[in-house]
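By letter and in written order, the chains are A, B, C, D and E; residue numbering begins at 1 in each of them.
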């Protein structure tokens, strides 16, 4: 899993069916890379979170058919 | 998921069977890397999109047997 | 698998259900990257361990439904 | 998927059973990294191809039990 | 798959159950990165080998329940 910070929301009006209705966030990882994660937790901008990748990202969603490969799974209690 | 820009079409006349009939695009990611993605959405050149990788890339295709590992899943509404 | 050193504990009070009750550790790999791993072994801070990633990380947990993608699987006997 | 160039053949006389009889090629990716791919297409040295990775690499083989994680899936028609 | 050289043995007396009895090797890849692989072939130190990663690493083991994500699958006949 990786430690990332939520940067902003991301909207895709036109998408494949299994991405519809899923909250997407622009993320920055600890090396400064910008990625896109699905967010089943509901996290505010600026928060530091733990993300999981690969097939685990689908298991972390309410609906396993969600075609994400990166999901926010927890908000870190204390991270500078 | 990653944020990438569609660069151009890519054609493979000779391929394995489960790649036939699938639209392929040359992509550039945010770090400048060049990749190849399957496109079930139908995206124009120059557009910024969200891609998913790994086994999720197959789930995002109309036919799960497609042997892609990177699929365009949505067009981003606003990206500079 | 990779060789990493345990840095500190990591706590997520608010998380998805399948992460609850799992010990999380902040890890540093041999290139200095900081990651987050699930720990079913119970390892002290500073120890050098072997980690596994991807779907194997779930198989290494007592409960396969754990949504981790990186798990500590053994403590290395001798590592400088 | 990635765009790579076939460099040379690679032979492993001693291998695990599920690698026996599979054509292996030394590949170079667009960043100059050297990798090893299984080749069900039959591609000549110097050709530019599309490769797929992860579990898709097994689906692209005639026998799914092949333990590859990188497979050549098509020859690109025009690539400089 | 990747081309790596076997560096030395690695021993974990304390590990999760599905890693017990598996030969582990410290590996160096072509970029100089140090990794840990399971070895069902029985390879001597200094040899150049092909490794497979991800779920294929488990399929390459005699027991699929082995929680490895990197397995040696063949010894390369000629590699400088």
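As a convention for this text, a contact is a pair of C-beta atoms (placed from the backbone, for glycine too) under 8 Å apart; a residue touches a chain by one contact, two chains touch by 3 or more.
Please read these numbers as outputs of a predicted model, since none were measured by experiment.
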| item | value |
| --- | --- |
| For chain B placed onto chain C, the superposition rotation in degrees, Cα atoms, nearest 5 | 145 |
| Centre-of-Cα separation between chain D and chain C, whole angstrom | 32 |
| Rounded Å distance, chain B centre to chain D centre (Cα mean) | 20 |
| For chain A, residues contacting two or more additional chains | 54-55, 57 |
| Contact graph of the chains (line, ring, star, complete, other) | ring |
| Successive chains along the ring, chain C then chain E then the rest | C, E, D, B, A |
| Residue ranges of chain A touching chain B (in the complex, touch as defined) | 10-16, 18-19, 24, 26, 33-38, 54-55, 57-58, 65, 67-70 |
| Chain B - residues contacting chain A, complex | 1-3, 30-31, 40-41, 50, 52-57, 59-60, 71, 73-78 |
